[in-house]
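Two complexes are shown next, each including subunit A; its partner changes from subunit B in the first to subunit C in the second.
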Partner chain A sequence: MSLTAPFRILALEVVILGLTVAFLLTERLMLSALWLGVGILAAVGASRWTAGEDGTPWALLATHRGWAVGGLVVLLLAVPLLLRSSPYWLFVLVLAGVHALMAVGLNVQVGSADMVNLGFAGFTAIGAYTSAILSRGLGLSPWLSLWIGGLAAAAVGVAVGLPAARTRGYSFSLVTIAFGIIVYLSLINLPAVGGPSGLGSIPPFSIGGTSLRSALSVADLHLPPQAGSYYLVLGLLALAVTSALRLHRSVPGLVWNALREDEIATKVLGVDVVRAKLWAMGLGTFFGGIAGAFYAHTVGFIAPDNFTFLHSVMLVSMVILGGADNVAGVLLGAVVLTIIPEKFRAFQDYRLLLYGVVLVVMLHLRPQGLLPRVVRTYASVPRRPEGARRPEPVAADTVAVR
Partner chain B sequence: MLDGLSPLQPTPLLSAEDLTIRFGGLTAVDGVSLRLEGGELVAIIGPNGSGKTTLFNILNGIYRPHAGRILLKGEDVTGLPADQIARRGVGRTFQISRLFLDLSVLDNVLLGRVGTNRLAWLAPLLRPKQAAEELADHAARAYALLEEWAPDLAARCYRPARELTLVERRRLEICRALASDPDLLLLDEPSAGMDARETRELMEEIRRLRVRRPEIGIALIEHDMSVVRGLADRVVVLNYGRKIAEGTFDEVAASREVREAYLGT
Partner chain C sequence: MIVEQTLNALLLGAMYALVAVGFTLFFGVLDLVNFAHGEMAMLAAFTALSLFGLALGRTTDVPTGSLWALSAVAILAVGGIGVLTERVALRRLRAAPALLMLLATVGVSIVFREAVRLLYPAGSNPQVFPSLFPKGTVHLGPFGVPYDTLAILGVGWLLIVAADRFINRTRIGAMIRAVAQDREAALMMGIDLDRTIATTFFLGSSLGAVAGILNGAFYGIVRFDMGLLLAIKGFSAAVVGGLGSFYGALVGSLVLAAVETLTVAALPGGSQLRDVTSFLVVIGFLVFRPNGILGERSVEKV
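Let's turn to the complex of A and B:
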């Protein structure tokens, strides 16, 4: 069992990633649809195959975390090699990475704390424009302005949170929609930031004078120009996922979950709920701002139309489709909802319809998302078999020593 | 150590004076005063709509009174928000339990523990190892508390609270309130919906609580007179938001005004 477990995990990862690449490389629409079907079946089958007692692969993945993460990293690093012949799809994966980065941030709000932020694109715009202007106008290195963009988005997130944190449910969503629209209209009407035509010639990330937008060639391997951005977004994503998981598995994540379940009960337990929401706003939008800034420097051009209400809806759809409050699920949701619309571009007029259908179908059939959230377990509290009783109940007159 | 009866403390645990709150034209709580010493159990009774739960909501800061004063261990806490009052040692349960239903049994108790702590929001990012250890330590203590008070729930500590029966939910909510180590515990109708046997078990648990945590003061809203008679050191009777009687169970039961309030004239 323990011998085969790492093998199973690696096989699972190879199958899923292999099918994804095959799906990307298939030109014919019908064939792509076929791959999609096979892929879904294979993913379901493989996860059944690795499932533990509770019917999910999580327990197995947790016990063999080294194998799971190591295998995934190696496979992901190899993707640009496989996609050498189609840089376009590598770029789509970079976009998926940007969306994943945003969705991981948004998940802190939507998934953990049930703060359905429908103006998230506005916060990513703050990050993108801040970083773009700092590097373009003031000559700041994109490596530095990226973080300032994140901080600027976080600051605006907290500022919007100050009034918004006093609301909840639909009211909160309305406040955030309003914010998103304010940002969009402001960008259009401010000539200083390019107005409707946006900002161009944003400097790229560069290492030692070499732009990350130029083609990489290591030894005899020639990678497409998108490979540099791909690796960078993977790095940022690794950072964001680690942070998100650490938050989830500690007191803040727990408190946000409590907020989601019952705000009054949370308050009565001594939690300053406004402050808890402000942290969710700040930390979530920080990731969003970084994602926006990364996008600006990678593409080199941003315009208000990159940050519309539609983008906010798309990001919320990604969180809900993948699995609210499950970081792995959110990544999956972001990748799926980036690749599928791109693959079926012929139907792109129906994109908004797709998000709507995805949201309605998921909320009805599987509200927990593709990958539902997992119950927290603690090493200090062993999992005991169901219904196992203590042999001897504590006698009523024993006085506990504390 | 228990050394007989503790002498009356100079500052009572809770001293609420002339609390009044109005909703529109209705005075829900009208000039009610309440004193409670550590270790004491006071039952608050009264017909439906007499202001019992509203009184609790004022005492733990959910509502702000229009008049009156609340002193906790001598400190004026009138008008402080609920989280501030919880941090000063007031725990409560609700008439319709307000558990975090989609979280595990253990996480519910764990939140009772960590809620009153100072939350270090960036600690998981800056000091991940230490933050993880702290949480594991809190979890172990929360589990120990469950084992002490509800071994049957401890055995199911990783199940979502939604799976519990109404009675189990109520007991879990008491555990959650206890996890914050309160000085004052406000129990809002803990026996509601329980049958006779479950009610007896609940009374046993509350007695056990008073033995093991002799310093806790408890205010208990209750409709079941057997519970009131069996547990309460003192009984306060509310009617139409006013306090109409206060005393031992027998004294209160003998009052004509109380009988009229309950039975009509």
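Let's turn to the complex of A and C:
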């Protein structure tokens, strides 16, 4: 049993990732649909095969975390090799990574604390423009300006949060919508930042004088120019996911969940609600700002039209359709909702129309998200021997009130 | 000058109010923020244009009478589209968290917007909309006011008053208010929930449709993407006034319209800044009156 468990996990990961790559590489739409069907069936089958008592593979993945994470990292690192023949799809994956980075940040607000931020694109714009201007105008290294962009976005996030923390529900959403539109309109009307035509020739990330936008070749391996950006966004994503998971498991994550379940009860318990909300604003927008800045240096060109209300809505739908408050779900949502519209490339003009249809249909088919929120469990001993009874799950709200 | 600007503000206010009333009604019966609502205005304008084209063979220089009749048909048709939207895209999500319905309405609004862009001939370009009112000016003492300003003002506010009468004085209106107040209690009183919600969507959507037609008639131009900003403005007006309150929606619309008219009139380069200032005012209002100007002071029980 102990020998087969890691094997099963690796098999699960290979199946899912392999089918994803096959799906990406299939240019004919009918064939893609076929692959998608096979992929879903195989993924469901494989997760059944690895499922524990509760019917999901989570328990197995948690007990053999080293194998699970290690296998995933190796497989993800190998993806550019598999996609050598189609750099376009590698670029789509980089874009998916940017969206995932933004969605992980947004999830802190929308998923954990139920602060439905519908102006997140505005915050990512702050990060992107700050970093672009610092590196383009002042000659700062993108490696440094990236973090300054994140900090700038976080500062603005907290500044908006100061008044916004007084509101909640739809009022909070409207404050963020208004902020997002103000940022968009300001960018358009400020000639200093390029106005409607945006900012171009933003310097790329470079290592020892070699731009990350140029083709990589290690020994005999020739990787497409997008590989560098792919690895960098993976690194940033690893950082963001690690921090998000740690936040989720620690007191701030618990406080945010408590806010979501019952703000008054949380307040009564003596939690500083405004401070918790400000942390959610600051941390979430920090990731968003870094993602925006990364996008600016990777693509080399940003314009106000990259940061519209529609983008904010798409980010929220990635969080919700992926699985609010479940980091793995949010990543999946970001990847799926980035790849699907690109697959509709064949329909050109009808792409956005189909996106709308897919959004509505998915909301109906899977309202709880692709990977629903997991009920928090607290075990006295972190690693139990296999076959031992799991303790009864404790709902997050019960814990928070206790 | 002052009279002119006041009339402008009232006119803009009427258009926002026609949209905002829908937001407040939908929020009342379904706790829903309907981002597809702005598209109703856009759809009405484009349906009317198509009807003009189909029935009259042209969209300019047509007798006012037939324009009015066909516009009325378009408004009723859009009311039907609103009902259909709720039936197809929203009804099954009623039990789910409110955010899902909101996202579904965004999906629907994308579908409507793109459908018009792709299906209407040269739909990506702005389309000329005929004037529904005779040209000319009325002289009120020293002031000359164009007919169409006056007519749009009249029609807009008349319909808002009619909607108010309908909601507050009729049996169906009482059903809508009952569902808004307490859904379960309304069900126990024998009110047909699905039908009441459908009626609400017909009412709200057709009022939004009127806003779209008046908008087209006043500015002489309609665009496939006019709905989104109108939706956000209508939502803002409803929230500033107090989401769920009919009169709140009117007050909020007037506040928003006044701020925008003032910005355009008083600030240099004001027409570019008008949306920025109006949204800044929205933020300001929400911070100090999170429940809106006329919103109920909600006392929360623990």
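Keep in mind that, in the parts below, the second predicted complex is superposed on the first by the 356 of 402 C-alpha atoms of A that agree within 3 Å, B and C clash if a C-alpha of one lies under 4 Å from a C-alpha of the other, contacts with A are read in each partner's own complex, and residues count from 1 in each chain.
Convention: a residue touches a chain if its C-beta (ideal position, glycine included) is under 8 Å from a C-beta of that chain, and two chains touch if they have at least 3 such contacts.
Source: prediction; values computed, not measured.
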Touched partner set for A:L269, first subunit B, second subunit C, both or neither: first
First (subunit B), second (subunit C), both or neither touched by A:V375: first
Which of subunit B and subunit C A:E261 touches, first, second, both or neither: first
Which of subunit B and subunit C A:I320 touches, first, second, both or neither: second
First, second, both or neither for A:W279, with subunit B first and subunit C second: first
A:S250 touches, of subunit B and subunit C: first, second, both or neither? first
Footprint overlap on subunit A, where subunit B in one structure and subunit C in the other make contact: 264-265, 268
Complex contact set, residues of subunit C against subunit A: 27, 33, 89, 92-93, 96, 99-100, 103-104, 106-111, 114-115, 118, 228, 232, 235-236, 239, 243, 272-273, 275-276, 279-280, 282-283, 286-287, 290-291, 300, 302
Subunit A residues within the subunit C interface of the complex: 110, 116, 163-164, 166-168, 170-171, 173-175, 177-179, 181-182, 185-186, 189, 264-265, 268, 309-310, 313, 316-317, 320, 349-350, 352-353, 355-357, 359-360, 363-364, 367
Residue ranges of subunit B in contact with subunit A within the complex: 60, 62, 81-83, 86-87, 92, 94, 98-104, 106-107, 110-112, 114-117, 119-121, 123-125, 128, 131-132, 134-140, 142-143, 147-148, 151-152, 154-158, 160, 176, 180, 204, 207-208, 211-212
Residue ranges of subunit A in contact with subunit B within the complex: 243, 246-247, 249-255, 257-258, 260-262, 264-273, 275-276, 279, 283, 375-381, 383-384, 386-390, 393-394, 396-397, 399-400
